[in-house]
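Labels for the chains are A, B, C and D, by order of writing; each one numbers its residues from 1.
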Amino acid sequence: MKKIKVSLESVRDEIKSFYDYKQWHLLTLNGLALAENKMEVQWIFSKYEAMDEIVVYYTEIENTETIPSIVDMIPSAIISQREIVDMFGVKVDGSEKGLYLDEDSMQRPLSGCSI
Amino acid sequence: MFTSFAKAFTNLFKKPQTIDYPLTPIVKDRDYRGLIGYGEEACIYCLKCEKACPPGAILFVPVENPPENKQNKKGLKYHYNPYLCIYCSECVRACPKPDEALWQSNKKPEVAVMDDRVNEGWFELEKLKKQND
Amino acid sequence: MIESIFIIIAPIIGGLLYGFERVVRARMQNRQGPPLLQPFYDMFKLIDKQAFIVNPYHTILGVMHFITLWIVVAFIIMGQNLLYVIFLHLLSSIFLILAGFSVKSVYSHIGSNRELLAALAYEPILIMMAVGFFMVNGSFDIAVIREHGASIVSLFLLFLAYLMVIPIKLKKSPFDATEAHQEIVGGVEIEFSGIFFEFLYMAKWLEYIFVYLLLMLFAGDNILLGIGLFIGVFLLVNLVDNATARIKMKHLITIVLGLGLTLGICNLIGLAYV
Amino acid sequence: MKKTINIPLGSQHISLLEPVRFKFECENEKIISVDSDVGFVHRGIERACTTKFKFDAIGYVVARVCGLCAITHSLSYTAAIEKLLGGEITKKAKYLRILLLELDRVHSHMLCLSHTCENAGFEAMFMRIMGDRELVMEIQELLTGNRVQFDYINIGGVNRDISSEVAQKIVNNLYEVKQRVLGYMDEFTNNWSLSLKFKTIGALSLDDAYRLNAIGPLARASGLNIDVRNEIGYLPFSEVGFVMQTHSEGDINARNIVRLNEILNSILMCENILSGLPEGEIFTKLKGKPNGEAVVRFEAPRGELMYYVKGNGSAMLDRVRIKTPTFASIPAFSHIFVGENYADAPAILASFDPCLSCTAK
């Protein structure tokens, strides 16, 4: 496992220059609570047909900061991004919608249904 | 397509694979992981099983409350909740005297009904346990 | 007298037939299956359930579907005109289709659409069948057809075409796209509930009676042949049900309309000129 | 007038008994766009792992994420902890782990195949495969003591040894399963109505598979060589005869064929393991507390499963991150649906082998 630290501003450029869609695939986005209102965000990649080659890009952010979206480069990141919005309460560019539904959400099945 | 056709036809004259369940009981293998058995005489009250149990289905709770002497391990009583148990047999592996003090049978728990107060009874025990810690 | 008793107990016979078919199907799939009287247990359960009325027309049309179908069965048993029977049966299908369109559910709409398309595919075959019977027996009356000898030899191609109609009507693979449990959750049935669904459920049993009574017309006055036909086709339909997947509406129409019409027309032309 | 209709599939639907919702926008019955929603049941297992349970009990907790790939979950977690503790387990334990992993794959693939058939309206095939699946379930029960929740893998090894009678029974049953699977192979390739439902339906091109990060049988059916068993050295998969199965078509039929081939390969691996099972202990006691970070991947029946574990030297872990196969494939799923007929949607969905129980962890 190789860990590469990047700054929040350069994360998009770093991933863009690194990511070749025929060689790497995104495993997931991961969050890690470090201290009071500080957290680490990780982008975990793995290489096709290679022995255990995993690259982790990570950056440390304040909880109030917004992390950039990488959906335009890696379409499958959308679902991890939406999950991280809900799990850590961070903001992700363009993914203001979370993944999980509140109990009183209008999108819940059978919401607005009264018997 | 024709093989399934023929198979469906020959199946007509075969004994069904499934059994008439509630009437015909299911036979469980000897090594099936089922309820945990407990032998009080052999138990040395090391409480290893209680610590090892992932869901916390084994509790040693003092008989008298509050206990006169907290060090008196013999004042503890073994409680086991078969409905919380995940039958992983971690406790049996942790037990210093397996087969005598603690063992795993291949029996399934009875279906619990409301009168058993499975949950409420257990919550009271958990509360007691917490108070004495 | 016997006829009226038959008419009254027709749904019960249909239910027994349906229950028996479920047992046979379970055995074909090598499993225990439900008891013979399961349809009736289901019925009692449905009666106990709370019934929701989505809108009155929907419910009324559903009940009308059942009543019309019962009348259809009654007409066949009484030996009425075959053309009347077929058109009245079409009417009962139309009631069901309208019921499906009268609610908001998407599944119900798709179900109605498919039901309509299926009716388009099998109705010409039924009509050609009536024409075929007329050409052989000189009458559309079922009573007359029953008095004549077996017409299965001269109407063999139509008989084959009719075999394709049976799975559509009984909602069996490969032609069960109109109901399509896994896709549209029963289609038109979806918005019926409780006792009103029971009417639809009983209509299904009557559908069994209708289909097999029409089939027995091919045997004419030969009752043994009629029973033989019934058993053979019953087994065949269930075996095919157990050997095929559900095909799409598009394929259903191509196959049933294309093949069925060809078979039917060949048979009629043959009858007219040979 | 509106030209399209919205058809919902889920969150409660007969063809899929799990809480996922796809909203199809259809023109007549042709799907033109898809919206998916997966977050209906969130159980907070990741959180429970770091707050409620000590690290040695979590293997049993994560096994409850999913009933079908229970073994892969506990195995991945255990492997991560073993990496952090730095111990080496015995060769026999490794072999037994592969044995159960492959048995699990066999029964999971059979479930998926039967489900695909059922959603294509082929009830008899569903019953047939489900009935034959009992053969595998039976030997799993003999081996581990339970049908579904195996609780077989322990930090340091496995919980039960295998007796010679059980080994013989496994060999016998697997031989039987192999014959049946060859029968399905015939059915899937030759049945006329199944070919109407499966061939050229729900195709995913190789480029799209790369672009959307498809994994598991879904990607392998499109010709993408991704199988984690090929990419990890932790368990000796190549020693026991692992061969990657791929197909080039990418449609439902290709997925089925890939799954069938994988079942055959798994059976071969199991037979190899049983014939060459090394002697030795099945359990090594590992001491210490996990400290540091580890990423472990395993090939679950549905695709790549990833565990990220961070420990801080105490009995409670800092973070457990689970990436389940279905979760990562949702974008690919949505992509495949576009342009297909709604009548095929349930069969396509079943051919992905979605596991929403994993997704809603």
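As a working rule, a contact is a pair of C-beta atoms (placed from the backbone, for glycine too) under 8 Å apart; a residue touches a chain by one contact, two chains touch by 3 or more.
It should be emphasised that the depicted structure is a prediction, and the values quoted were computed from it without experimental measurement.
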Joint neighbours of subunit C and subunit A, given as chain labels: D
Result of counting contacting C-beta pairs for C-D and B-D, higher pair: C-D
Subunit A-subunit B separation of Cα centroids, rounded to whole Å: 41
Distance from the mean Cα position of subunit D to that of subunit B, given in whole angstrom: 29
Where subunit C and subunit D are represented by their mean Cα positions, the distance between them in whole Å: 42
Averaged-CA centre spacing for the pair subunit D and subunit A, given as whole angstrom: 24
Per-residue overlap in subunit D, given as positions that touch at least 2 other chains: 124-125, 128, 131, 191-193
Contacts with two or more other chains, residues of subunit C listed in rising order: 28-31, 242-244
Per-residue multi-chain contacts in subunit A, two or more chains: none
Chain contact topology (line, ring, star, complete or other): other
Which pairs of chains touch, using the document's own definition: A-D, B-C, B-D, C-D
Contacting residues of subunit B [partner subunit C, same complex]: 1-2, 4-5, 8-9, 11-12, 14, 16-20
Touching residues (chain side subunit A, partner subunit D) in the complex: 1, 21-22, 25-28, 30, 32-33, 42, 44, 46, 48-52, 54, 56, 74-76, 78-80, 83, 86-87, 98-101, 107-109
Residue ranges of subunit D in contact with subunit B within the complex: 53, 57, 60-61, 124-125, 128, 131, 134, 141-142, 144-146, 149, 151, 159-160, 183, 186-187, 190-193
Residues on subunit B engaged by subunit D in the complex (per definition of touch): 1, 3-4, 7-8, 17-18, 29, 31-33, 54-55, 86-90, 93
Subunit A-touching residues of subunit D, taken from the complex the two chains share: 11-12, 19, 21, 37-40, 42, 46, 210-213, 215, 224-226, 230-233, 293-295, 297, 304, 306, 308, 310, 318-319, 321, 323, 327-328, 330-332
